[in-house]
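Naming follows writing order (A, B, C and D), and every chain is counted from residue 1.
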Amino acid sequence: MKLVVTVMLKAGVLDPQGKAIGQALTGLGFEGVGEVRVGKRIELELAETDPVAAEAAGAEMARKLLANMVIESFKVEVA
Amino acid sequence: MRAAIVVFPGINRERDMAIALERATGHKPRLVWHKETALDGIDLVVLPGGFSHGDYLRCGAMAAQAPIMAAIRTHAERGGHVMGVCNGFQILTEAGLLPGALLRNASLRFLSQDCHLRVERADTAFACHYQSGQVFRAPMAHGDGNYFADDDTLDRLEGEGLVAFRYATPEGTIDRAANLNGSARNIAGIYASNLRVLGLMPHPEDLVDPLMGGTDGKPLFDGLTQALAAA
Amino acid sequence: MAKKINQALAREFGLSADEYQRVLDIMGRTPSLTELGVFSVMWSEHCSYKSSRVWLKTLPTKAPWVIHGPGENAGVVDIGDGMAAVFKMESHNHPSFIEPYQGAATGVGGILRDVFTMGARPVANLNALRFGDPSLPRTKRVVDGVVRGIGGYGNCVGVPTVGGEINFHPSYNGNPLVNAMTVGVLDKTRIFLSAAAGIGNPVVYVGSKTGRDGIHGATMASAEFAADSGEKRPTVQVGDPFVEKLLIEACLELMATDAIVAIQDMGAAGLTSSSVEMAGKGGVGIQLDLDAVPQRETDMTAYEMMLSESQERMLMVLRPDRQDLARAIFDKWDLDFAVIGHITDTGRIVVTHKGITEADIPLDPLAEQAPLYHRPTVETPKPASLGPVADPVGIVPALLKLIGCPDLCSRAWVTNQYDSTVGGQTVKRPGAADAAVVKLDGFNRALAITTDCTPRYVAADPEMGGMQAVAETWRNLTAVGARPLAITDNMNFGNPEKPEIMGQFAAAIRGMSKACIALDYPVVSGNVSLYNETEGKGILPTPAIGGLGVLDDAHDAIGIGLKPGMGLVLIGTIRGHLGQSLWLREIAGQEAGAPPPVDLAAERSIGDFVRGRILAGAVQACHDISDGGLLVAIAEMAMAGNTSVSLEAAPGEIAPHAWWFGEDQGCYIVSVLDPSAFIVEATVADLPTRLIGHTQASGTGGAGLKFKDGATISMQDLRAEHDRFFPEWMN
Amino acid sequence: MKLVVTVMLKAGVLDPQGKAIGQALTGLGFEGVGEVRVGKRIELELAETDPVAAEAAGAEMARKLLANMVIESFKVEVA
């Protein structure tokens, strides 16, 4: 079963990468680029076949390792 | 030899590079801001190390889009010499002036330590003061120096003799232990097809003075100065 | 939504009932929320030094070469050739506990700004780190995050990280110490200060935009951690080293012009402390219009903007006719530039937002009536001196264990993550010498820099420990051949409301002062971090000292690495002091006794002699004796130079383990071509020496360390033990 | 209009970060964790209101800057 964990910086936390990308896109001539936020997409292959259990495991993984709960939030989806 | 160092925002080894070039040539290289668009009268263009645009998104990706890049491309097409060191190497690959890409170090950690490089060929302007097969020491300081290219590209680079330097043991053996960042086939530096564009990860410019621990990097700058004197 | 302003809210903001009453008296009315916020951060421990000020005032701060002592953003000393060094150390302990990477990273960013705000280009970073018990998983995460954070920020801004120290002790389990130091250099006629001047002059904000980062960070740094400290997490700030790099370059470019009247970084308590301090120091008033502040988030209130600790921002007062020139420079570097107010003659800070006056506070009383506490102190009882302790394992096993223990093992895993060569001026990299040596670009001159403190000594005897910390930095600078000039300090202690803790603080200051006076080595800057406790348990008292010295010629600098064909001479007196030694802790399993005494007169005469011989070119390598004692020092010298050593026997009158592992102070090991000549000269100067061994003959291999009785330790075994801990622990 | 550009390493390009995460998860006691791949999720606020035009702009941004086509592939979605 494939799981996708998306990790993004919490709202309000400075995202230096996103800011720099936004500026670069504007510099390249793209118009109307507003806020840009960059996060991680983590795709995991799991032996688990039950989607509910897989999702629970993914959330546990995110809390324990994949996300830094101080500044990031996460979302788990079964792909 | 008239040399120019391109200054992208976030670059931080332009001073080191200027010192090494001045030692070799006797005069200060020109510093060129990334928003400039001309490189007239320049023999050697250097893209130095650092963190252009913070290395955000991908190392070198944003710098590769800078206004000065068109002039660098033209300079290279005309057969001018170009050297990218560390972030400069990453910029050259992102700009497509050199093949491949530099991935995160295999250890996932920044590596700041001396490494040893084996000179794979000495018949270029960059390496002419080294011997082929010679090993020299250079500090490395990067988080993303793990050279990657697909197998066809790697075979072509090797086949055409475009590998400039490989990570080696001090004795010159090419093995896994010497390959600190995990680069494909221990590649530390490569040339473009005309041997006039060089990209490499370690910093020969930081080892040109016995006071700073050695002069292993000096032949590169002396060689360039001599080879491009006539240019 | 509007909070009721009363004593309860004041308490939430960290103000005591007395302090709140004082606010009411100054204002003559109930303060607004923004005003209360300003008072609470300005009167926090972090900004007001209310518990420590009475003691800090007793530190010696003057010498002919001191240009600016404490009171400015960083200390400034004359280093010759018309140049000055600017340096300071600062803590980021609490943020680093909450979020190790960002906490440490922003700590580096903050101290860099204190240095370049004075006009200096930063040339070196160091860090003094203290972590908990390595067997705890949390410690590992903190170490990993802190090291990555320091590297992530320092490497990106392109300032070499050249030195520092790391200790482990369970007292730091819930409260690691992250002290970052930056050294910069400038032309001594071009120093920028923060005192605002020029009624009507524009107040200009530059750097990053303001967000809701770290609001009340300054008060957090002033409070003890409770078990629920997770609640305080939103105060974490994220650093942007790329913007910092741009800010360095843009500020230095502007500083080459005559545009700046005054400049101040926005550190703890952000816009509040920078504007209050600039106006206060200049004896003027300041008017701020918050609508003009560059904002990253929507609907920010005046309170939030005044208290935000968003990183990478500076406040400047400019000459009005240079405003356009300044704007052009910041535009070039893609940094925000906004005129957010002007200097007034009112002696007040007036803050308006959306047409409303959000704060209007008289500056003099805000500063002068800031709380100042003479907190009660209780002296730490003098420890009983340690009786004889038997050697349970023998010399060779003890050495192998000691050089592999977390406090003494190789730091390469850490230092290899820090760019130590960027700038091309690093003469002595981490591990090569007792102090880092960084040359001044364009001069022969070099700076020597080190940080030191032995917290277990300070805990056992705070006065002696404070003295020792200063003396050790002086010794480390001397050991590379540098002339020590001045120190910065970072006083990391527990809860000052506890008399025992305040007693430690006062005694440490006393000891430091004595050492500074005896060694002509004043304090020019520093930082205080109190409330380093978790649930009532304090850290070991840790007055981290950052020492700075100068070499007229970088070529004179020597390191610790041995070469073949040399004699090793000990200078100083070893009495075999095992109290509070690492041998006692690691081998005998005790943390007991008095720390080794420091004899400041002997320290001075021996150090001055050693430096003289180094500068005369008579010494090949030099290392002081510190943690682990004589044998550990010799092993480190052997490994650093990859050169073997044959040792003379221990003198009969001292137990061998006490001789080899005692941590007696004021001692150096020198490697010299002609040991007899060295000994004669020292004897003439009435200084104690002893021949302790020889390095292998030139061109021969060696056995590593070879003892007189035939016992040997191979270089491979030494290295294997020394190199093992960090990589095994982390991988 | 909000756009999401997802950038992943191409199959065949070694992903040391993914590998390390996989090992760390197993080390933490999570069972049955197979391959792990780490990519980027870039969220962009655009002034553009036409989804087709926005998607085209996103693809253009990805080709020019957000992805390195030597090692990465991308996907653009209107959120």
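In the analysis below, a contact is a pair of C-beta atoms (placed from the backbone, for glycine too) under 8 Å apart; a residue touches a chain by one contact, two chains touch by 3 or more.
Treat the numbers as computed from the prediction; the structure is a model and nothing was measured.
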Of A-C and B-C, pair with higher C-beta contact tally: B-C
Inter-chain centre distance, chain C versus chain D - centres from mean C-alpha coordinates, in Å: 41
Distance between the centres, which are taken as Cα means, of chain C and chain A, whole angstrom: 36
Distance from the mean Cα position of chain D to that of chain B, given in whole angstrom: 29
Multi-partner residues of chain A (each touching 2 or more other chains): 16, 20-21, 24, 28, 38
Residues of chain C whose C-beta touches two or more other chains: 240, 242-243, 334
Per-residue multi-chain contacts in chain B, two or more chains: 53-54, 56-57, 62, 65
Interchain contacts, given as pairs of chains that touch: A-B, A-C, A-D, B-C, B-D
In the complex, chain B residues that touch chain C: 9-13, 15-16, 19-20, 49-51, 53-56, 109-113, 139, 141, 143, 203, 205-206, 209, 211-213
Residue numbers on chain C that touch chain A, as the complex places them: 98-99, 101-102, 208, 211-213, 233, 236-240, 242-243, 296-297, 310-311, 334
Residue ranges of chain A in contact with chain B within the complex: 16-17, 20-21, 24, 27-28, 38
Chain D residues touching chain B - in the complex, by the definition given at the top: 12-14, 16-17, 20, 40, 64-66, 68, 70-71
Parts of chain C lying in touch with chain B, wherever the complex brings them together: 148, 151-152, 155-158, 240-243, 245-246, 333-334, 412, 415-427, 429, 439, 441, 554-555
